[in-house]
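Pasting the structures in now, so scroll down.
Two complexes, one shared chain (chain A), two partners (chain B, chain C).
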Partner chain A sequence: MTAPWPAVLPHCCAGRHMLLAQILSNGLMTGLVYVLMALGFTLIFGVMRIVNFAHGELYMLGGFATLILFGNLGWNYYLTVVVAAFGVGLFGVLLQSLLLKHFIGRELSGMIMALAIAITLQAGANIIFGPEEQSVPRPVTGVLDLGAAVVPYDRLVVGGFTLVILAAFWFFLQFTRWGLAMRAVTQDSEMAAVQGVRPGFIHPLAFGIGSLLAGGAGALMAPIYTIYSYMGELPMLKAFVVVILGGLGSIPGAVLGGLLLGLVESFFATMYSTTVATMIGFALVIVILIFRPRGLLGRTA
Partner chain B sequence: MHRTAIATAAALGTLLLAAPTYAETLRLGVVSALSGPGSAWGLAVDGGVRIAAKEINAAGGLKVGGKTYTIEVTSYDDKYKAADGVTAATRLIEQDGIKYIFGPLGSASMLAVKPLYEQNEILALVNSYSDKVLDKNTKNIYRVLPTTREFIEPMVKWVKQHKPGLTNVAVISPNDETGWASQALQKEYYAKHGFKIIASELFERSLKDFQPLLTRMIAAKPDIIELDTTPPPTAGLIIRQARELGYKGAFVKIGGPGVPEIVNAAGKDFAEGTIVYVGADASDTKYKWLESEYQKLYPPPMNSFNVFFYDAANMLFESMRKAGTVGDVKAVRAALEKITPFKGMQGTLSWTGKAYYGSDHQLLVPVFVGMIENGEEKVVTKIDQ
Partner chain C sequence: MKTLEVRNLKIAYGNVLAVDGITCRVGEGQVVCILGANGAGKSSLLKCIVGLVRPAGGQVLWDGEDVTGLPPHEMTRRGVTLSAEGRRLFPELTVRENLLMGAYLRPRDAAFRADLERVYGWFPRLKERSRQAAGSLSGGEQQMCAIGRALMSAPKVLLLDEPSLGLSPLATREVTRIISEIARAGMTTVLVEQNARMALGLSQYGYVLETGRLALQGPASELLDNPWIKDIYLGGSGPSQKVVA
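On to the complex of A and B.
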């Protein structure tokens, strides 16, 4: 069942480097999506101190937006992704202002509230769209043959989109007043408030941006995977692992953690099995939590 | 005044007492998933039985031993759950006094009601993929649907005959009881017919990114990737991702049907040529009739399981005619056991199972080999067993 190195390679076409190149490209493409999920998750935690367990359901909403706009109404795919991302972002702002704003800084209650939202959204989607997995046609087909590895074009599109979003996000945080305010709140919310940063504005904004990233990820991945009410559970779990690896609340940590997890998983899933890969992911979490609880790039509390 | 009241009561009483003697009724029960996730299959049990009953009633009723019976079907929902299955079966047996029951469909529900059927000597025509449903002590329960064990061998033989160049097989199955059992069978029968199993993989049902797993699998150079009991949308994803990674070999799916979902997830081009097990030939005119009848009961699409239960109901009616009674369940059962080979809707049906299950209570039905052509399921051949 699990074929280790030697058992695989004698069969393999062009040897070890070729397999490694494929592992690398698979891992990178998966890792970029993890980054997209983890960024929003860690931003929300950093700013609001809320562990957003509904993050996976925001991803799911992005997926269903693609099903409706692109799959049923026949919109342009790229327009769909942008509209889905901003739509879910707006939904996030509503969630924050109506339900989650009462739990800022109260980690446990906030987590339970987020969990309740997650289950409600899942059940709602299940009632409206049914339990079956659905598919939308792929906007891009074909593969890029690099010789040593192949990369499907649709994954490249996702990768490209992710890089653009990452760059925009980084620019926003570094060079805009709102970004500066957000970083200030992350570092010390009280001092930020003293300096005139209004939490009533920054909190929904951060939650909205986090939701936008998750919704965008869901919309991007919808044609690649299948769309169903529980589709957000796995990405949510991965985002959780990534932010523990990178450091809860750390943006560079989310990027590093996401790529690292993508590559590690790809390696172990290819060499052994996906179950082993999942296990290794969580084993990393255990090790990090024991020896470096603030994560690879997290700051001390 | 007083006398009028008594007279009226007497007249009414006579009417009520007299009514049953004019029209005999044969009551059948159905326990099945009529709502919830399992209902696509569950409604097929109810649909098949109701359509068969309606057909007989429309032709003047069921004539048995000089009497004519109108068939009445009572169905209760088990929601695919064991507890609801027991409630439904108990209601049918104790409140309604019904002796003939179709279903349940889900294994959990079926295993839970099994002792009820046996103790009350209910003649039950059921479905469940669990091996535990039938054993050497089974008396009153008959499985009318094929499981992987019944259709795998003719399918594998067909692949061997018609695709002689292919030898290396990689099997991929979900990592749970269904997948473990079916994968073991796949390995057994592919090996038995001269194929070489070069890889076998189990995956968690939540997995959607198969690239790592397929990278390894394709490195072992399979000629066939067998998709086994993988759910259809996931099977489609696997086909697409394997093709994108450069896999040029064949795909075979000897497991549950679901071509539209496979094509949706894989894309028309990638799904082309996939060999699939098909439960019933949907291009058949009788099948089309069944579909139109089903539409009068439930919203389409109709599941192919309808065929199995339509046939099962007709087998039961024929057994009653042969036995000359509907009241003597034992006599009907004896007739049922001797009724095969029976001409079903799409081929010959016969009892089997002694060698493996310990009793001949498993129905063998025709197997259809299908191929995906231009995004549609096309039946290539019928194999009568």
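On to the complex of A and C.
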């Protein structure tokens, strides 16, 4: 595995405040992407009780879509991100309607099916695009010097995009009929059905939105990291960590957990190394699982 | 005249028959109660009617149509809705959102707004707490919210499963009053209860289940006077002898 989610190190570490500001801004930028991954993952679990181990491969598809559209065909980068996100979202709807719908409520079988899909997609990408890591040029270059912290513009683009997506997602869940239905299904799927919610509609929709978020994350991160068939494994693991931290199925938990993991990792990556940071992330999961098995904001069933 | 009818219904969980050949019916505007001890199959019967449980045999007929085994959303669309045992609210949604979920299949039109106001009129406490998470309500308030949610679908038949379960005597009285008001407004109602006195007081007709079978049925007034019912369900002291009404 290549160096995971490398932090941006400050040019100068003149003072403690500057270091702290840099850690904060790095952590927020990474954390936002974790949130993007974890939200879809937790939404899919909440609505369908499927642990989507193919979530990283949806991220990977977003990356390859960017490689083709932006890298090879020279599309506008922002248009590419939107098209990649919706394309992967549509792919998710197909995955759900063709394969995963048979495993609703059967957590173990669903998990194995998702794993099979993940491995198939990885192998497929390997065959089509080759095993070597590829890259696309950065759509924007340069850094924003805030004095206390330095933020590269491309990270800022990712952060801004993510915030817009998160706001739209929140609005959807909070203020639309389908969003309300999704929250209801998460809390009691049987009673949601009694109110008239059709699983055959709301499940593909939830899986599609989760896929859209993952595909969008992959497209956003493609210029920052390299693109290859296994690029989704680490983000998937991170999403898993975040969701365990925040509480499986909890939307606010995914936001809290994502930002928390981003900040913690950023701190240890800056102070020690990214390896230590990754290790601490998982150590955090162990601690949470022992002392708060349902996660920080998990429901007490 | 729209009738909900169940014919020789059988429900199995694994090898165990929870409901073993039950036949019953409720006519338009009627209130019918189903009595019986825990595990008699009352809840299974209601769940099967709304499509949450598939029957092992028999038929469910609604308004002349065979609706056996239809999924829940189809039953809701046809106007048959269930207020489940234990309230089963969406605990993290607000009271208002729970009521909106009840009206999930309806357009947000004038009739919807009128129904929302009507529910708030019946349950002023719900209006006061409309922005509060449903899980934070008291038991009685949750039951009101559950009944309100069921009414928001503008049902033609209301199936109420144990509305008095776990409620204080005061809250039970309140819920009883509301159910009788709803019934007086002409709502076809099937009431499943362990509180037989309350249920028979509200209904015109009653069925008594015993381990998945129909033990007794008759007009509510006759059941109230039945010595066996008095003995077992009303806590009276009489000869323990079964008399079919």
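By definition in this document, the second predicted complex is superposed on the first by the 288 of 301 C-alpha atoms of A that agree within 3 Å, B and C clash if a C-alpha of one lies under 4 Å from a C-alpha of the other, contacts with A are read in each partner's own complex, and residues count from 1 in each chain.
Convention: contacts are C-beta pairs under 8 Å (C-beta built on N, C-alpha and C of every residue); 3 or more make two chains touch, one makes a residue touch a chain.
Quick caveat: nothing in here was measured; it's all calculated off a predicted structure.
Touch counts on chain A: comparing chain C and chain B, the chain ahead is B. Touch criterion not met for A:Leu28: it reaches neither chain B nor chain C. Using the contact criterion defined above for the overlaid structures, shared-chain residue A:Leu180 touches chain C, although it does not reach chain B. By the document's definition of touching, of the two partners only chain B reaches A:Ser135; chain C does not.
Shared-chain residue A:Ser266: touches chain B; no touch with chain C. In the superposition on chain A, contact of A:Val150 is made with chain B only, not with chain C.
Contact with chain C, but none with chain B, is seen for A:Met191 once the two complexes are overlaid on the shared chain. Taken in their complex, chain A has these residues touching chain B: 1, 3, 8-9, 11-13, 19, 22-23, 26, 30, 131-135, 137-138, 141, 143, 150, 152, 225-226, 230-231, 233-234, 265-266, 269-271, 273-275, 277-278. Within the complex, the chain A residues that touch chain C are 177, 180-181, 183-184, 187-188, 190-198, 299. By the touch criterion given at the top, residues 36-37, 175, 198-204, 206-209, 211-213, 215-216, 219-221, 231, 233-234, 236-237, 241, 244-246, 261, 264-265, 267 of chain B touch chain A in their complex.
For chain C in complex with chain A, the residues that touch the partner chain are 50-52, 71-73, 76-77, 81-82, 84, 88-93, 97, 100-102, 104-105, 149, 153.
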